[in-house]
Amino acid sequence: MVYEALDFYDVDSQLTEEEVMVRDMVRDWVEEEVLPKIEDACAEGVFPDEWRVALGEMGVLGAPLEGYGCPGLSYTAYGVICRELERGDSGLRSFASVQGSLAMYPIWDFGSEEQKEKYLPKMASGELIGCFGLTEPDYGSNPGDMVTRAEDKGDHYLLNGAKMWITNGTISDLAVVWAKLDGVIRGFIVETGDEGYSAPEMKGKYSLRASVTSELVFQDCKIPKDRILPGVKGLRGPFSCLNNARFGISWGALGAAQACYNSAKEYALSRTQFDQPIAAYQLIQNKLAWMLREITKGQLLALELGRKKDSGTWIPEHISLAKMNNVDIALEIARMARDMHGANGILDEYCIMRHMANLESVKTYEGTHDIHNLILGRHITGIQSFTRSL
Amino acid sequence: MDITIIAETNGNQLHAVTRQLVGAASSLGASPTILCPSGSGADEAAGIAGVGKVLSVNGDCFSTFDGGAWAAALDAAAGDGVIMGAATAQGRDVVSRIAARRSIPVVQDVVALSGGIKMTHPIYSGKAMQDVTVAGSCAITLRANTFPAAGDGGSAESATVQQSGDVKIAVQEAIAKASERLDVSDADVIISGGRGMGGPENFDKLYSLAEGLGAAVGASRAAVDAWDGIPHTMQVGQTGKTVNPTLYIAVGISGAIQHLAGMRTSKYIVAINKDPEAPIFKVADYGIVSTWEEALPVLASEIGKLQ
Amino acid sequence: MVEIAVLLKQVPDTNAKIAVVSGRVDESAVTSWVTSPYDEYALEAALQHVEAAGGSITAITLGPARADKVLKDAAALGVTKLVRIWQDGWEDLDSNQVQSALADAVKASGAEMVYCGKQSADRNQGSTGPGIAELLGAACVVEVSEFDAAGSSYLRPAASGSEKVTVSAPAVITFTKTDSDLRRPNVRGIMMAKKAQIDVVASDVCGSQVTFNGHSSPAEKPPGKTYQGSDSVPEVVGLLRDEAKVL
């Protein structure tokens, strides 16, 4: 059966022909290859390697990057890819977000020519997997006070510290790690096999189960001098990456919301109680109408953001607004959909609780909901309220 | 209006559909001529009520099926007017080519006919019907089991003619009908078993019924979860496959909402369940309240009679 | 080396609801147009054939401007020769008109093999393949379900079940479902399709010999009925044969 995505204001009619073809390519793949296997992948807690291969073959990794074997698509196309992937599963979309926006992007923007030639083409094809080491056990919303540090030892750098909550870590070939060199945050490329580096998997997750989440541990980890990213110093480095990832997530969350909405609508029309489908009851219709309202608003927000990204007229706060809003409403839609499905909503027969659990992570990562709120608050008032002392 | 029928055969016998073609031709007031490639079925054809003439067309080309060669031979043997065949793979091929040779229109898979000649055929896989009229010569194929068959009592004159065509297709290897099991996602007819079947070994009854119908065998989630012998690939329903066959037969399936979601859009639903309150009866077009042990043997024998 | 013409027809998405309005299927209500599924199997077979034997493919469609999409989708898979046949005002073409227009385009392409679906998902007629073969003086193998990638043999239905046949060019092969689903495009292909050049050609065809009377919706199903006991099975089977007409 062909998937019909809710598009009440026909927002997709504003996509270019190329963006529509990319959308359909990913949508068909998710329908045919991902959905039949996602519940098993989730139950087992694995990210199937075939998906890495397929994403590479489709050519969607590092979507908006130009050159070095990268796709060179518009940001809007990148958003569409994220939406179609996340309609399948947020864990699947997280793989692509990390690979493209958090691992390929910093090399592309801040790396040396040699680094770009060495890593980017193979990351675009999916042959090499990357991850992004910023968050630490004690430093999440406040990355600036990170303790992972690098020391210049003359002919190599020595890294010490640990990163946590790193998507793709255990399966990665390389990690873009942010650490302080003489007190200044710099980016370093750490490769699997480097002495003193390990990436154990974090188990016991109830959310993003079809995704690999890891710790990155550096114990006198030696890396060659040519692994430092020369083009950026300070938090601007990691934040540039996060802006791109957050952009993708603002579209991605809509995919999850659409999937939950579709399930809720179909369930409401099929489930009868007191001799009529529950879709005939006002409280149910109210919920469906709210979902339609929020998805439509979210789509318009995402489309406009895509245009701003593509025309270079964006600021980070634009992205904060869209990420925060679209993930927030997606989580609410998932919760509401679970409620509407009644007891059936807890079964893996339906996608609802999987999306619901995933979106809890999506609301927290890439800038928590509350942090984005404060980013906007600072933008409005000019006064930061993250902390008393800054 | 002269009508020439291309006989459809099964080996050396006349295929039952040929009588339906005669019936249809007679309903238009015609006394059709029947062309029998290689003379197969010619004797029986001559005995069908309403037939005007039987012409055996003998030629070397008829030992292999090549639509182009057969069309050349039959076109030479057939008179003007309407060419009528059965809407089978071979019938459609030959009739299209005769039409192209004569630059007359061809209309396939006709399900209703009346004077004029007005014709109706399904489109969009039966979601709509198309109605056309062809006043002059045309070539048409009729859908099998749609028109009433003509009976016996005819005594048409018979003749033989030599015609052949160039065969350009060579058969390398004949392959027997493999009893490979059809997948539920492809099948036009599906028979599904649920927990009511009692055990995976009882699915054998469904498999043999399926063979008779050219159907695939599916299962409800309850059956898949309960029995190792029923793999997930057979599951119809939410996390299994969503199917859209012309005919769905649910045996021992209660009709839980997740299963219904997977087969609700089937064109026709038949349900066999011993529980008259089973929800499946609410969506079934034809519901049979009975144990499968009693119903399936009768179903198998009735279907056998249809072949 | 082989030159193959692949005939692709644009049809409404096969899951679309088909509504009849004022005696005609309402095309304006169709939200999604796709390549007819059996034609996709034909295209995949052609792509494999050319990969194995060398040569090229010309994709041909007969349809209005929206049918450019089926050609662009083929372009995303590497097909570079793209032809659309259309004349303003064309409506309800009969089988001769369609076949002669397509046969002309096939001749112009220089192809010696023609691959197409066994029937389109909209009209379901199945006349085009064999009819074009006749106009081209070519053999036609219908309802092929398996093929050898180098084009040396095709599997078609037979009384025994199926049979493997060989045929020499010029030939038309019509495809039913095969084990080779049409391959997925990738981004590189999609970017190439942006630059695709489509040749739009007109065609003179003779007049139609068929009067189109209209479309109608099929008869409504009678409401479902429940029967008691296994004794009712013969009656139900009779109804399935005569009323539902599914047996």
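As written, the chain order gives the labels A, B and C, with residue 1 at the start of each chain.
The rule is short, and it goes like this: contacts are C-beta pairs under 8 Å (C-beta built on N, C-alpha and C of every residue); 3 or more make two chains touch, one makes a residue touch a chain.
All of these numbers come straight from a predicted model, not from anything done at the bench.
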item: Chain contact topology (line, ring, star, complete or other); value: complete
item: Chain closest to the middle, measuring from C-alpha centroids that were averaged per chain; value: C
item: A-B or A-C, whichever has more C-beta pairs in contact; value: A-C
item: Separation of subunit B from subunit C, taking each centre as the mean of its C-alpha atoms, in whole Å; value: 20
item: Rounded Å distance between subunit A and subunit B, as computed from the means of their C-alpha atoms; value: 52
item: Interchain centroid distance [CA atoms averaged], subunit A/subunit C, Å; value: 40
item: Touching two or more other chains - residues of subunit A; value: 1
item: Shared-contact residues (touching 2 or more other chains) in subunit B; value: 244
item: Subunit C residues counted as touching two or more neighbouring chains; value: 15
item: Of subunit A, residues touching subunit C in the complex; value: 1-2, 17-18, 21-22, 25, 28-29, 57-60, 63, 71-73
item: Subunit B contact footprint on subunit A (complex, rising order); value: 1, 39, 266-267, 270-271, 344, 347-350
item: Sites on subunit C touched by subunit B in the complex; value: 12, 14-15, 17-18, 20, 25, 94-96, 99, 121-135, 138-143, 153, 155-168, 171, 177, 206, 208-218, 221-222, 224-234, 236-237, 239-241, 244-247
item: In the complex, subunit C residues that touch subunit A; value: 13, 15, 32, 72-73, 76, 184-188, 190-191, 193-194
item: In the complex, subunit B residues that touch subunit C; value: 10-11, 65-68, 71, 89, 92-94, 96-97, 99-101, 103-109, 118, 121-136, 138, 145-146, 168-178, 186, 189, 213, 244, 246-247, 267-270, 276, 281-291, 294-295, 298-299, 302-303, 306
